[in-house]
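What follows is a pair of complexes built around chain A, which joins chain B in one and chain C in the other.
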Partner chain A sequence: MQPLLELREVSKSFGGIEVFTDISLELAAGTRLGVLGPNGAGKSTMFNLISGLHRPSGGKMIYQGQDLTTMKPWTVCRAGIGRTFQIPQPFVDMTVLDNIIVGCTAGAGLNLHEARDRATEILDLTGLGDHAGKLARDLGLLDLKRLELAKAAAMKPKLLLLDEIAGGLTEAECGTLLDILNHVTGRDTAVIWIEHVVHALTQFVDEIAVLADKRIITRGEIDTVLANDEVRQLYFGAEEEV
Partner chain B sequence: MKRSPLFLALAALAVSVIVVAPLPFVVGNGTMRYMTDLFIMIAVAQLWNLLAGFGGVVSIGQHAFIGAGAYSFFGFTTLLGLHPFTAMALTVPFGALLSLPVFTILSRMRVAYFAIGSWVLAEVFLLTAGKLPGFGGGSGLSLRPQIVKAFGARTGARIENIYWLSFAILVLIVLMIILVMHSRKGYALRAMRDNENAAMALGVNPNAIKMMLFVVSGGLLSLLGALNTLQKLRVNPAGSFSLIDWTVFIIFIVVIGGMGRIIGPIIGAVLFVLLRENLANYGPVYMIVLGAAAIAMMLYEPGGLAALPARWRKRRSA
Partner chain C sequence: MELVNTISQGVLLGGLFALYALGLSLVFGVMRIVNIAHGDLIVVLAYIGLTVTEFLGVSVIVAAPLILVVAGGLGWVLQRGLFEFVPRHDPLIPLLVAFGLSIILQNLLLMGYGADPQKLSLGRLEQASVEILPNLHIGVFSLIIFGLAVAMIGGLQLMIYRTGFGRALRAVSDNEANAAMLGLDTRAIFRKAFVIVMLTVAVAALLMAIRGNFDPASGSTRLLTAFEAIVIGGLGSMWGTLAGGVIIGIAQMVGAQIDASWQVLAGHLVFLVLLFLRPSGLFPKNDG
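So, the complex of A and B:
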């Protein structure tokens, strides 16, 4: 079967600086893939390429048989790829409800009436129900992360890209976030989740890939990857807290 | 019962129509002319606010379209012999079409370059207008009396008609902005203004929205330029394409009144006209006061006068 997303030898450099030389990756529909890697390995850059904010320097990206390589971000989104940003990017002068309506109308193509229903539903699922009328600029970190997730999930994407959505949260907050994540993503939604908080990641994903040395050094079942010597050395270094 | 913001905005608009439309039965010609100027100014400010305040597209060359509207109205009536009503209606597609290549050039530039580029293009328009054959060169030409008389044979009737025409156009522009802001496009627009990258990632195409705003405002500004020509009774490059009247003052009006709100340009324009009239005897003092007020406003409350009540409420409850 054709994979949902396929990256073939994708490379990216900014000016003379090579972020990665060769990322090749296949993702089947409904797969939940976690991505680990040291800071600066280019994990977020990979998301920026897939979501169309940046263009790859080489290689090809295929999504459901369509060439993603030169697609504009809004076309990528409308094709069913949702993403969150590492640093939450709310629409600060809009209410929480209106933030989500944007994704439902522009991204999922719903009319305003349907969008409002969908947004309200997602607000409840993400625990933001009480904040619907609040301006996004007045939210705290956990709520901002919730909103970030709600905006992307409201479009019911086929592929959801999560960028360090658990970063900066306490362990209890991580638990809340995992619950929310399970609520908003059905089993048919494919997810790529970049995360440093390994204990949160392993509770959600099916597989893990490790991005380091400008490429994907390994990918497979969670236990196998985490037991890999190269990964332990590269990623966990001195502090072993798994 | 809590009414929706859309309902409240439409209700406020309806009330202002009921109050302002019958004024010609009460006030004199001088006041009517004065208010017609105010309507045109508010309308221009609304369109600048639509671009900059709602859409984040900062142009300082929108006077190009006012001038283009004036000149096309003059050309359609005087040179092509079209009926003045037809000519006035045609200024809208004319301005809209003209704004397409202008936007295509400007859209390649980012923020500050966009602003400066728009100004430069407006200067090009002004210089071109001075060279066009049949428009009287640098000193311009007056509208022929029969063109003006199409809007009313007697002076009094004409002033009344132009008052209603200007007010109707202003109301339609405000109505359009209210409806757009409460439509799907309005959500996309506000999202784009707040955070363009995040908006794109949620399916918003900023280029398409900015182009739509620019074209709509180009067409409507041309119509307002034609209306203004009826007030001034002549076209000339320096007056019809006035940077001071149609961009500098307009920016002051929007900034002082409140950017990104429909009420902002209305408050700003009324304040502007009051200041100008009351300080008229002191020469350019009103410009100094206006400049100081705009700077003070930007420092104290970037949301303008329209944002002050909310600010004070917040402070009282804090």
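So, the complex of A and C:
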């Protein structure tokens, strides 16, 4: 069966600096993939390429048989790929409700009435129901992360790209976030989740890939990957117990 | 009574200043471009108005719809053909591009029309006046200008805060990358925004051209007045811009009463004083 997303030998450099030389990846519909890797390995850059914010320097990206490589961000979004940013990117001068309605109307193509219903539903699911009328600039970090997730999930994407949504949260907040994540993503939603908070990641994903040395060095089931010597050396430090 | 007369004239003149400023404010608010060529675009539209009315041999009112269509088209072309290619990560780059555009436009106008001052005519309506209070006469045309300014600001406010396109505009202006990633075609939105900007420019241009003389170099003073109105009012507040325009208008009219050479200077002086007292404007959009 054709994968939902396929990256073929994708490379990216900025000026003369190579971020990565060869990312090859296949993702079946409904798969939840975690991505680990040291800072600066290009994890967020990979998301920027998939979501159309930047263009790859080489290689090809195929999504549902369509060529993603030269697509504009809004086309990528309308094709069913949603993403969150590592640093939450709300519309600060708009209300929480309006923040979500934008995606529901422009990205998911709902009319205003449907968008309002969907936004109210997702606000309740993410625990933001009481903040609907607040300006996004007045939210705290956990609520900003909730909003970031709500914006992307409200569009019911087929592929959801999560960029370090657990970063900076306490353990209890992580638990809350995981609950929300399970509520907003059905089993048919494929997820790629970049995360440093490994214990949060392993509670959600089916598989893990590790991005380092400008390529994906390994991919597989959680336990296998975390036991991999190269991964332990690179990511956790050789001596440390996982 | 003379003072009341002077102030009422200033208030009405302020409507024209606010109209100059609307497009400038929108371009900055949505695209984050400081459009130095804004005043010259007003003058270009005034000349287009002149050409269209002379060519068709009709009055400005009859030609206005056609002029608006031309202005909208010009806005689309400017965004699609020029500003779309200008990187905006460094605000200096679009500033320089607009500066270059300003010089090109001024010289094209000079080549095409010469340096002689021109004017559009609205016939008897220009001189018509109504007596509101005993001895207080107000020009009908001034009232029309002010009415149009209020109507356009109200209309733009409704569009920005009450329509889907307005929500998209606010989103793109707030966070462009996020907007694109949520499915908003930011390129199309910018093009439409520039069309709307040029529609406001056309209205301002025609009113300016009927009210007094203009020549290819008239743009810079319009730009300056527009800037002052925006800054006095507070960035991002359109009603504030109207208030800013009115303040400059009153200052100019009072200044002109003292001495004719004081008219323009008085406006700038009041601007400087207000900038000193309220640097973020009378009605700043955000406190933070």
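Heads up, the rule we're going with is that the second predicted complex is superposed on the first by the 237 of 242 C-alpha atoms of A that agree within 3 Å, B and C clash if a C-alpha of one lies under 4 Å from a C-alpha of the other, contacts with A are read in each partner's own complex, and residues count from 1 in each chain.
One rule holds for everything that comes next: a residue touches a chain if its C-beta (ideal position, glycine included) is under 8 Å from a C-beta of that chain, and two chains touch if they have at least 3 such contacts.
What you see is a predicted model, and the numbers here were worked out from it, not measured in a lab.
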Overlay on chain A: chain C relative to chain B, clash or fit
clash
Touch check for A:H199: first (chain B), second (chain C), both, or neither?
neither
Let me test your reading of the model: by the given contact rule, A:R55 touches which partner, first (chain B), second (chain C), both or neither?
neither
On chain A, the residue positions that both chain B and chain C contact, one per complex
51-53, 72-74, 77-78, 83, 85, 89-94, 98, 101-103, 105-109, 112, 151, 155
Note which residues of chain A are touching chain B in the complex, please.
51-53, 72-74, 77-78, 82-83, 85, 89-94, 98-99, 101-103, 105-109, 111-112, 115, 151-152, 155
In the complex of these two chains, what residues of chain B are touching chain A?
183-184, 187-188, 190-191, 193-195, 197-205, 260
In the complex, chain A touches chain C at residues 51-53, 72-74, 76-78, 83, 85, 89-94, 98, 101-103, 105-109, 112, 137, 151, 155
Could you please specify the touching residues of chain C with respect to chain A in the complex?
164, 167-168, 170-171, 174-175, 177-187, 285-286, 288
